[in-house]
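Here's a structure for you.
Which chain is which? They are A, B, C and D, in the order written, and residues in each are numbered from 1.
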Amino acid sequence: MITAAFANQIINLFAAVMLLLAFAMLAQRRVLSLIDLFAMQGLVLTLSTGFVAYTTGQTHLWFSAGITFALKVVLLPWILYRLIRQLDVKWDVEGLINIPTTMLIGIVLVILSFNVALPISQIAGTITKGTLGIALASVLLAFLMMITRSKAVPQVIGFLAMENGLFFAATAATYGMPMVVELGIALDVLVGVVILGVFFFQIRERFDSLDIRHLEKLKEE
Amino acid sequence: MSLVPLPSVLLLACAWLALGVIGLARARSLTLVAKVLFPAGAAIGLAVAAVALMAIASPPTETVLPLGLPDLPFHFRLDSLSAFFLAILGLVSAGVSTFAAGYLRKGEGTPPGLQCLYYHVFLASMALVLVADDAYAFMVMWETMALSSFFLVTSDHRIAEIRRAGYLYLLIAHIGALSILLCFGVLQGGTGDYTFANMRAQSLPPFWATIGFLLALLGFGAKAGILPLHVWLPEAHPAAPSPVSALMSAVMLKTAVYGLLRVTFDLLHAQVWWWGVLALAIGLATALFGVVFSAVQSDMKRLLAYSSIENIGFIVVGFGLTVTFQAYEMRSLAALALTATLYHCLNHAYFKSLLFLATGSVLHATKERALGKLGGLIHKMPWVAWLALVGALAIAGLPPLNGFVSEWLLLQAFLFTPGLPDGYLNMFIPVAAAAVALAAALSGYVMVKFYGVIFLGQPREERLTEAHDAGPWERVGLVWLAAGCVTLGVVPVQVISLIDHVTGPLVGRTLAETATGSWLLLAPIETDRASYSPLVVLLGIVVATFAVWFAVRRVYHGRVRRAPAWDCGFPLQTPRMQDTAEGFGMPVRHVFEPFFRMTRELPSPFDRAPRYRVIVEDHLWHWCYLPVARWVERLTAIVAVLQRGRISVYLTYSFVTLLLLLLFVR
Amino acid sequence: MISWSGVVAQVTELALAVLLAPLLTGWVNQCRAWLQNKSGPGLLRPYRTIRKLFAKDAVIATNASAVFRTAPYVVFACMLVAAAIVPTLATDLPFSIAADAIALVGIFALARVFISLAAMDVGTAFGSLGARREMMIGFLAEPALLMVLFTASLISQSTSLATTVERLARMEFAIFPSLAFAGVAFTMVSLAENARIPVDNPATHLELTMIHEAMVLEYSARHLALIEWAASLKLFVYSCIGISIFFPFGISQGGDPLGFAYALPALVFKLAVGGALLAVIETVSAKMRIFRAPEFLGTAFMLAVLALLIHALLET
Amino acid sequence: MSPEILAVLGIPLAGGAVLALFGHWKRAAEINIAFSSATFVAAAALVVRVVDRGPFASFENQLFVDALNVFLVALTAFVAMTTSIFSRPYMRIEQEHGKLTVARLRLYHSMYQLFSFTMLLVLLSNNLGVTWVATEAATLTTVLLVSLYRTPASLEAAWKYFILCGVGIAQALFGTILVYLAAGKVLGSGMDALLWTELAQVRGSLEPTVMSIAFVFLLVGYGTKVGLVPLHNWLPDAHAEGPTPVSAVLSGLLLNVALYALVRFKVLADGALGAEFASRLLMGFGILSVAVAAFFLSRQRDIKRMFAYSSIEHMGLITFAFGIGSPVAAFAGLLHMTVHSLTKSAIFFAVGHAAQKTGTQVMEDIRGLVKVSPTVGWGLILGTVAILGMPPFGVFASEFLILTTAMREQPWATPILLVSLGVAFAAVFGKVQPMVFGETTAKRLPHPPALVPVFLHLALALMLGLYIPPYLASWYREAARLIG
């Protein structure tokens, strides 16, 4: 059995890696690397969930870790890889805002997240409570990433990264959601990605590109 | 008779609705609609009037129907004020419906059955507005009235102008209705009880009372057509079929006056003196504006519509005086001013509907609305012409017809004003009286123009010689209204004794308490101060006329020859050489130039085909409405920036919203 | 209420008005002729004209309707009623309670509307032109007249002309500045209303300037006679209004037969002076362009309103 | 275990499955109607049961029914049924116009049923997590429905819809986690801490700080779905580009359902934080939505887009009403939800046929409907008049209550409301009037339009304006009590 303090340090380490990965995704230009980073984030999430399950003895967290692994480390990256290959969209992405600026905004977001999460963490009874701020930060950073990307695939990856952040938050704050809910969320995410995959093809068919800047026809004159 | 008034009114309103539904069911059957349903509607109108006249002297009755909102079922109440306006509705609608029975023709826009539906829904909703006793019932009926009249206005919806008129009308009506709604929101005083009974029981602090009053003035003013909310009126009234124009002008505008009186005197007790001054100022501006604009119109129905604005102005002036007197607790003077106001409502209902119906007949006979293409119709349409003369003289405020009586009362009310405790007010009142006198005199000008150009002179177009007189139904309707104009003018004492039942509860005093006249002599304060006996004047004029006539007959033995007009010896005479409507409006345009926004196209002496064109527009349209429209447009342009199609931007909105809210929470 | 002396006064007054009115017109014309160094048509010329017209055949335009034919009678009747209201000899007039100052203005307006409608009835260029001009004068003169009468009414606390005159006559001598303003306004209004120089010229048929004459161009014979007579009557009534409001001295109050006897010469004297003054005004002023008339009347209107204001400000 | 609830949820779920298999059949539209009607019957039975026995929970407390959601269940099932009736001829005409293939129709019918299912699940779920899952599922099904035509515009709309709502809903999940965290302190971790019925009982002792932050996330999340400004941007696109029956249920039902979820959380937030906090936020967003949407209206050229903005406006009004929070206001909000659903879906029905007749959604090209097709024309004009808040239609009843209550409790808001409603009226009526009246350009349709639903809805809206049956009123009151 490991001590609580040690466990805490480990979890904080995972959290730090999460945050690092979130920043890395924010800065990454290549789609394939983006998918790798996403898969790594999934892996860290799995490990951290597993670790929490191990230290706290919350059995359902094992399942949660399993689902996360299956879904976010294996299935989704695989689907995305396939999509990229079929769609042949490996090229670099140009951000709408340049990367240093994005990073600066990201730092501000982290500060804000910590600030917001602080009172909540004080309430949470979990050993992971300190990481809540980081979870929120990853959510917001993923959000920022969605804003700055101009291609459809990275945007979806951002969306999935946000989901990761949420899972991390759930683990951090409450040792995960009840099983039914987690399953439901996972199902939604999976179906969502499938639908999006279908969409990619259709969008490409219609617009000859996955650049979402083509999707600006519906607006007010 | 043991007839219970309020349920009878509700039943009669339902009967109107039923007529409408029957019309809808047999939408294409002109005979049924015109010869059965409309006369039946007229009969119901008479019944409403009868019930109302009975109820005017009896104490208020109330009833609650299990309709409406769950916490606020429809409350109805019939008191003397409601009864008075119901009487107007019933009496006028009887004439108008009879007229309409003859007026409906085949193949004009909306099918007759549908028109019958709107028409009777319109009548029923007006009746129910007048008896509504809670805010919800009132608003429902009020807006139903607006909606049904909107559909009536746009009966001939193929014409873009008419659609535009209807649109403007409904828009302003709706904004007015929202404002009335907010007024009721103020009036209930935080109790959450929207019955009028509760509002009566509230005593609001002056600030809120003032807000309520201003909202009411705005809301009801929009319906009545006071400045600067009048713009819809000259568009909508001419667009509607004539019986509808008649009803709208004659009755619907009065429901707005009713609302104003109801809110100010019945629901809001604490009157502030400057409310009255405000209303007085607005009323004066409205009256002058209306009459000056009606003088320059070249479309006969627009002319009448502007004249309605003028008359509403007079009514609002009377209302304002009443409020001021009431605020200073000068109750008998308040009773005098209120009597003038109510009397004018009644009069205007009669003569304006008469004139609108007359224009309807002219329109049917000639297919022409432009004054510049009419003329000489007295020869072809003697019935319409002579009856319209009664209306024209009445509206011009000439003794001994009814228009004069209310004007007389109003001027009397002004004359007694210097007794007000406020010096400035005392200075203002004479100026106001002068303006009223000016507007009244101008209305004479307008009516000479109206009547002279349409009915007198020579026909300005060839085909006018084929015009035909009104049919029997139409005649009956016109005669009914004209008879009303004369009766109301001749027996003011009896009418005022009816109105006294209304003024008593509202201002706490009646004219009967101070009057010293007899059945023949109208003397509201004392005979020494002022008295008027229209019957005697009428007799005087009639007797004198006939006496002179007989005398001349006896003295004179020459023959009477017919010959072409002499016209100072000019050889060539064409009907086109008569004054046109524009020409007749010229002096007014000249004298009141700042009122108008004119664009003129004058021919030069060298023009091959000289053309003269003048467009007279309303400054207020350019000062108030277009800027508002521009502002809205500008704002929508700003708002549209929100939706530029870029998903990143949309995401940024969500993001920023989230961050701001988080900061807000921290 | 209705006293016998009142009835007598009423009848006398009415008869006097009808009979004396053409004489007043004749007197004014005569005075004007004298002032202009002409010999003049003689005092009785109006009577002769009327008699002559009554003897002629009437010619009526083909297009004229019944409005055209009834208008002279109605106008004349209106003037009769007006004459019955205005106190000239006595203030105890039974008819005057039936119609007060406002009604008087209304009756004048009724006459004006009828004559204008009649003018438009034939459908000639001049007729409608005259009608338009007449109504233009009317809509400015009418409120001005009303304001003048209001000033008097406010001072006397009554709109009944008889009462007003009675109270004014009875009043201690006092200077009412408002009445001075009202007097000037009234004079201006009367000039316009009676088709006098500087607003109109009763002796011209020049199309650019005529107002009243343009309206009655189509009338002949008995109709024209009635109209002429009514015009004289109108001048007479206006003069009497002015006299009784601004110079009410000498009028008989109540049922006083002695006062009555005293009032008649006083009236004749005052009318003679008034007529002469009118002639003077007409001689010394020039006819205005037609579009000056609104300014002229507007001034009158303003003066009348000022009179009211002064009353409200100073005399209450 | 209540058979009614099972039926209400099971029928559409089964319908989705059946139609996924047999949706290409010729009679698929009738099957769709049959399932929707059966759902409505089940919902009616559920209503009867709730009226009989009061609120109850079922399925191990995972599902529950009380006055608030049973009324929305009934409304949802009803509108879903009428919409399915409307969609039968509508989709057939679309098919004949060559806009849709049989395979797409199968997708449509199947998704239609699944969409009903997800909405009903949101309403009936007692578990806030499941509520979230179902909301997300509703988004997914509607994304497929919106993109049904596979035109560039519909794909764009669907994409935006997906991304914006997906992101939004993700925030709601964060909020839900925080609520769970707060509840865990009181109820212990485990399933109970997500059950609304449990939470509602302990709402007073929930940690305020957490709840405030949670509510912000929930507001942004579900608010996106409700279409509150400035989170609304997906809404006009999705409404305008999807098939009209989908626009009708989106406007009429989905927005309501999302708002329902938000209101449930508002109750919890009120318990923890006092009424001020959530009220202010809701009122602020509500009034902003009303004002901005009103100004948007006058710029529209596409008719469905315009009515989509009108939905934003009305949702803003309802949100504002719930924000005021007094029983009368809550009552008015619920009433407004009902009449807005009925009226707006009726309008979309009429609009759908009008657009089919003229072959365009551009308003300037649609003229004189009343001449060529009086029923469509009248349906449209009456619906418009109703939605603009003219009595005697029910929208006026609720607007009356909202405005008068606002005048009493939040007077600052009334000028904004007055101006916005005026501007909205001017814009919408000014555009619809010439479409309905005047000369025409329209042609006849190959199939007779199904206008029974239009007039049925309008008749109901009319009835609610003049007479609210006592049981309905007590029902609203009960629901308002739950909210307030």
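Things worth noting here:
Heads up, the rule we're going with is that a contact is a pair of C-beta atoms (placed from the backbone, for glycine too) under 8 Å apart; a residue touches a chain by one contact, two chains touch by 3 or more.
These numbers come from a predicted model, not from an experiment.
Set side by side, B-C and A-D show the greater C-beta contact count at B-C. Separating the CA-averaged centres of subunit B and subunit C is a span of 35 Å. Once the centre of each chain is set as its mean CA position, subunit A and subunit C turn out to be 100 Å apart. Inter-chain spacing, taken between the CA centroids of subunit C and subunit D, is 78 Å. Each chain gets one centre point, the mean of its Cα atoms, and the points for subunit A and subunit D are 31 Å apart.
Chain contacts: subunit C has no residue touching two or more partner chains.
Residues of subunit D found to touch two or more other chains are 159-160, 163, 167, 171, 213, 236, 296, 299.
Touching of two or more other chains is recorded for residues 116, 143, 146, 155, 212, 215-218, 220-221 of subunit A. Under the contact rule defined at the top, the touching pairs of chains are A-B, A-D, B-C, B-D. By the touch criterion given at the top, residues 116, 119-120, 123-125, 136, 139, 143, 146, 152, 155, 159, 162-163, 166, 169-170, 173-175, 177-178, 180-181, 184-185, 187-188, 191-192, 195-196, 199, 202-203, 206-207, 212, 215-218, 220-221 of subunit A touch subunit D in their complex.
The touching residues of subunit B, when paired with subunit A in their complex, are 640-648, 651-652, 654-655, 658-659, 662-663, 665-666.
On the side of subunit C, the complex with subunit B involves touching residues 54-67, 70, 73-74, 76-78, 80-81, 84, 95, 97-100, 102-103, 106-107, 109-110, 112-113, 116-117, 120-129, 131-133, 135-136, 138-140, 142-143, 146-147, 150, 153-154, 157-160, 163, 205, 207, 217-218, 221-222, 226, 291, 294, 298, 301, 304-305, 308-309, 311-313, 316.
Per the touch definition, subunit D reaches subunit A in the complex via residues 62, 127, 129-130, 132-134, 136-137, 140, 143-144, 147, 150-153, 155-160, 162-163, 166-167, 170-171, 173-174, 176-178, 180-182, 184-185, 189-191, 194, 207, 209-210, 213, 236-237, 240-241, 296, 299, 301. By the touch rule above, subunit D contacts subunit B in their complex via residues 159-160, 163-164, 167-168, 171, 212-213, 216-217, 219-220, 224, 229-231, 233-234, 236, 281, 292, 295-296, 298-299, 328, 368, 370, 385, 388-392, 396-397, 400-401, 403-408, 414, 418, 421-423, 425-426, 429-430, 433-434, 437-439, 465-468, 470, 473-474, 476-477.
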